[in-house]
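Written below as structure tokens is the structure these notes are about.
Letters are used for the chains, namely A, B, C and D, taken in the order the chains are written, and counting of residues starts over at 1 for each.
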Amino acid sequence: MSTKIRLGMIGGSLDAFIGSVHRMAAALDGTIELVCGAFSSNASRSIETGKALQLSEDRIYASFEEMIMKEAQLPADRRMQFVSIVTPNHLHAQPAVLALQHGFHVLCEKPLAFSFAEAEQLGTQVKHTGLLFGVTHTYTGYPMVKEAKAIVASGKLGVIRKIIVEYPQGWLSDPIESGGQKQASWRTDPAQAGISCCVGDIGTHAENLAEYITGLKIVELSADVSSVVAGRQLDDDANILLRFNNGAKGGLIASQIANGEENELKIRIYGEHGGLEWLQSEPNTLTVKQNDQPKQLRRAGANHSYLSEHARLHCRIPAGHPEGYIEAMANLYRNFAASIHAFENKTAPNPLLDYPSIEDGIRGMKFIETVIASGKENAIWKQL
Amino acid sequence: MSTKIRLGMIGGSLDAFIGSVHRMAAALDGTIELVCGAFSSNASRSIETGKALQLSEDRIYASFEEMIMKEAQLPADRRMQFVSIVTPNHLHAQPAVLALQHGFHVLCEKPLAFSFAEAEQLGTQVKHTGLLFGVTHTYTGYPMVKEAKAIVASGKLGVIRKIIVEYPQGWLSDPIESGGQKQASWRTDPAQAGISCCVGDIGTHAENLAEYITGLKIVELSADVSSVVAGRQLDDDANILLRFNNGAKGGLIASQIANGEENELKIRIYGEHGGLEWLQSEPNTLTVKQNDQPKQLRRAGANHSYLSEHARLHCRIPAGHPEGYIEAMANLYRNFAASIHAFENKTAPNPLLDYPSIEDGIRGMKFIETVIASGKENAIWKQL
Amino acid sequence: MSTKIRLGMIGGSLDAFIGSVHRMAAALDGTIELVCGAFSSNASRSIETGKALQLSEDRIYASFEEMIMKEAQLPADRRMQFVSIVTPNHLHAQPAVLALQHGFHVLCEKPLAFSFAEAEQLGTQVKHTGLLFGVTHTYTGYPMVKEAKAIVASGKLGVIRKIIVEYPQGWLSDPIESGGQKQASWRTDPAQAGISCCVGDIGTHAENLAEYITGLKIVELSADVSSVVAGRQLDDDANILLRFNNGAKGGLIASQIANGEENELKIRIYGEHGGLEWLQSEPNTLTVKQNDQPKQLRRAGANHSYLSEHARLHCRIPAGHPEGYIEAMANLYRNFAASIHAFENKTAPNPLLDYPSIEDGIRGMKFIETVIASGKENAIWKQL
Amino acid sequence: MSTKIRLGMIGGSLDAFIGSVHRMAAALDGTIELVCGAFSSNASRSIETGKALQLSEDRIYASFEEMIMKEAQLPADRRMQFVSIVTPNHLHAQPAVLALQHGFHVLCEKPLAFSFAEAEQLGTQVKHTGLLFGVTHTYTGYPMVKEAKAIVASGKLGVIRKIIVEYPQGWLSDPIESGGQKQASWRTDPAQAGISCCVGDIGTHAENLAEYITGLKIVELSADVSSVVAGRQLDDDANILLRFNNGAKGGLIASQIANGEENELKIRIYGEHGGLEWLQSEPNTLTVKQNDQPKQLRRAGANHSYLSEHARLHCRIPAGHPEGYIEAMANLYRNFAASIHAFENKTAPNPLLDYPSIEDGIRGMKFIETVIASGKENAIWKQL
């Protein structure tokens, strides 16, 4: 790549946790340059953030509308090439559509939109413009998730029969939103988060991970959805039965009231001939299991020749020096930038440098709405 | 205890795996003596087994009926005091009833009976005779399961909100019953196992463990039950949504087609103020969690003063020398023998030397029937 | 085996931790019967123990001398066949010699004797009588230790290059012997323990384990030996450099002042082509490693066909139901009983049913004396 | 910080593993900008690297001498502020001295120099210029290493008694240097690496980690040093006895022939009242132990209020999203940049934003020479 891909950020002011993670991820590999931003709907906070990030003052904007309009008027070799949207859920679609309409590729936080309907409209817009669109289901950026996908695809496990995926967290065990904790406040507010807190925030990651690794689709689900903490308006816990398009069955557990848990996203996949296990909090190990065989611990590492090419392409350093979450997100940014580069050069991108697509994002929204609908009808089965 | 409690065994011939485990468990602590047995419905195999076990030939019987009748005629200080029933499910109730009718206490393998109706009749018989009856839900014999129960009872976790319990195994991933594998053959045969394989064999353990530790009761469930392996007559996989009598919710996963898994029975319990995690394959550790606190690893050990008395009473050796499954079962035998001793001496047994009761066994049968019924109606909610 | 092998126990009164472990281990497999004992040098305590164990009163003895003399006069088919010596170190050799002289096989706790000289004399006596002699280096009884030995012997690792073995404990971090803690009192008393506490009690286990698995011999060592706790007469910590007879090098760390550690006996072995790791506190897993290959977790289990026959012969139950320390010791007892049976029937015992020998015991004593000698000369190299 | 600190890199061409890690680490937090480089002693490779990194062509230099000279002539607000030296060992001191002489701060890879003598001269130069000098002992940048240091400093463990630190790797198990593997070639070449391979490359990390966390100094050591692989000119394995300035003892194991190991840097520290354990391959957990207390697992996380301020300042994201090696190195870069900023503003830097100093580097060189000297004299004790 001869020059860095230019990024404009929407949302992510200094006091927002996820904004700085995106910036670190974008910066890590040296292929992307943050050139502008509309970091907050509060103009002065946006400016303060942009200054702290040492952007030129003329590239710090008071609103995403302003940014998109003004950047579009800059020379092609100066203006931003893509936007990264890291706002709360209700502020995803509008800037995304505007960016697409003005010719900018979009990388958007998940869940994709405020509602499934909004997500579908966004999908139409993406198709219409032919531009690139990615969704930061970050966990699929881990090398050992790629390895898991490669193993399933290789047929080594045979037909997949059972999938258990879970994402327990404990941080919403108490009604901290009422004390004004910022992360909790918007996620538990229907006006900002949409119809779901727990399922939207972490259940969709679990859904996306299961479908990504197996290549299967959930076709039916039955969800027991709860607002455990008194007074909370949205769900904070869900236990879900899953059925997949090949007949496999499974379970999905998402919780924000699993007191004492951090981000214990875990997936287990069982096929005719073997099984897999991966745990986000120890992301550099993938356990491969088979009846009457020793368990295998495959380990991330750019030097591990036994890994699939897909996995190795997502490792930066040799085995034993752990890579983590920021690196996983950086893989999404790097791959998205590579796609932009290929797009602009009209070449084919390397299909192994993949990232979650608009379809993944739309599917996530459908998942959320299906789960919440099932939950409202006492966990009746719903098609997905 | 001045003399050993005398045991007669029903089932458990040399080629049956579980019989030898029971004998090792009964022998471990030196409080029980195996004095007689009807080890098989095949008389010559029973005799062969009894001889190998070095029983007097006159105490080796060709059938359980013969054993119960003849032992009942021996002097009170010679005859067996309790029977241990380790036969397949369809042969639990009949010998149990006969033993009770002749004045013998009974320790019985799980699931308690062939059907819930049969289990209830057995319960009536137990009440009627006033004799002792235990069920070998072995996992509750582990010291750290006792510790978990003590922690929940202490209120340290606050109100329990969520329970996830799972028991994945992989050994039935292939139709090994058609090759005559003995353990698989009877468990997958409706004539011997009853209406369930997976739920009856391991799902009940998960159910029992969850209710034992929390003191809660499952009041409603929705079960997606499968026979994954082609041609199998009974279930080999189930994903179940749970609701408990205090409003807690949860999930129970049981599988025999989780290829590569051994006996990964695991329970996680979350309350208002913290959580617990215990895994059978590393049974000497209990993890206690709490938001914004270091995780605690409590470890089994007779010398650990920080453990509850309940846990310490079930450890034989100091921390660091692991105890296992046989020791857990030995705790059941030891406790049952202590109860017999107290019964005969008309003293109160130590309530901490507990074992699963006839009520636990009946409840397990109700659980099985409820799960299978729910499964047959596409996972409709069923009361338990 | 047609009848149980008859055991007489020397030491192991009710208040001695290790006595009950030996009794559980001897009882576990039903091949050994405890028929008599001299459980304490205090006659009334011996009698009290024997009664609690429900021995015939005429088989409870006031001293080991009495036991050996009187048992020797019983008919051959009634008298004990072997003694198990579980007394403190200074009381090993005398009863062992007397037992041998009267025709009894001996299974003795480690370290074998009070001194290397005493051990050698005992060795001469064993040779002279031609009787069987075992030493309870219990850790070699674990199935996955057998597996490790089989892997090294298979050549899979190539020439062994490096061995790290360690046994950290924390229980002597404080001068608990001055408060009269029984286990600590005799172990830190030169009159009862000999010249070493830490190296004799646990360092020898580490030495034995390393030599057992690898089949190599330590030929030279340099030991930094300490009495860390003020006022303690014997060592409670040692860091040792090792050199082996094939040129391999290594380290041995033993400590009783590693505050917070239980019995973290661990061994790592590295060869030209791969490595092994085994940890006593998770004894059912053996990790096999190789550069640029997934790590393998081999798991104990009677049903695991991938394990060596040596390992499988030392598993009682299928994989996933953990076996522990008592089972490991029971393997020694069972194997020793099998050797007695073969001895009496003049048949060849199965060489895979092995147990630590008098030579292992003598070597352990030499190891202790060499380490202490090196420690006294500022860790000078000493030949072993 | 109002503007980014400007970095010039010496070494680290595209084919050098460590160069890209440094660049990622420097880029991660957005406080440093790579403005120039002399990436190789091969001018065309340097230029190729600089172009790939999208540097202005006038800031890509053919040699470090050229870079230092020319940058020194640029305006103060444009020229680089510090150099990062990532060359092989023999090329550390010369550019470092030149950079210092021209007013540039220096961050240098470890081991600091080609020899202890050279390191001391460099130390003199640093003192003379009064400029900042850091050494990338990267492992001290992990948050849980900071936490360990804070715990020891708090006195919670009491007087430190024993330290075991180890760094086993397997990658040099075969003579891969003879096949031209670049990383192996220079590290095993005395002309480039100096007198040591294993001790210099990884033993110094272990030494630094132990002294950093405990605040103690090694005062005496006895080292058994080996070149295990035939034909190798430098050491690839060492087992070392340690004595510390407070009387604590310990062991240090470093190996590059521990076949199957990745970077298993691990430290255990035991004091009067408790112990600590940290393992680099699972860096976000610190285990705190104490006799008769549950083990504590402290976990990295910016949100964990129970952590020391020192640890929290080195976490970027909340607990549960793992950070890794690049983040640890980024902590060094960020802290070094903060020190430069404070230096230039004549303010006091935050002492918690620390990084390894020239003294640490000099000490590492003394450690290497002492170990090798001891090894040459059959592990005789040497003062350090």
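Here, a contact is a pair of C-beta atoms (placed from the backbone, for glycine too) under 8 Å apart; a residue touches a chain by one contact, two chains touch by 3 or more.
Predicted model, so just to flag it, every value in this text is computed and none were measured.
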**OP:** Starting at chain B, find the fewest moves between touching chains needed to arrive at chain D.
**Re:** 1
Original post:
Measuring centre to centre, with centres taken as mean CA positions, what chain is farthest from chain B?
Top reply: D
Original post:
If you average the CA atoms of chain B and of chain C, how far apart do the two points sit, in angstrom?
Top reply: 34
Subject >> Euclidean distance of C-alpha centroids - chain A vs chain B, Å >> reply: 43
Subject >> Inter-chain centre distance, chain A versus chain C - centres from mean C-alpha coordinates, in Å >> reply: 55
**OP:** Spell out, as numbers or ranges, the residues of chain B touching 2 or more other chains.
**Re:** 171, 261, 288, 293, 295, 299
Original post:
Given the complex with chain C, which residues does chain A contribute to the contact?
Top reply: 288, 292-299, 303-306
**OP:** Report the residues of chain D in contact with chain C in the complex, numbered from low to high.
**Re:** 157, 161-162, 164, 166, 168, 170-171, 173-174, 222, 224, 226, 228, 237, 239, 241-243, 249-251, 253, 255, 257-261, 268, 270-275, 288-291, 293, 295, 378-379, 381
**OP:** Give every residue of chain C touching chain B within the complex, in rising order.
**Re:** 2-4, 17, 20-21, 23-24, 27-30, 53-54, 169, 171, 261-264, 280-284, 299, 301, 316-327
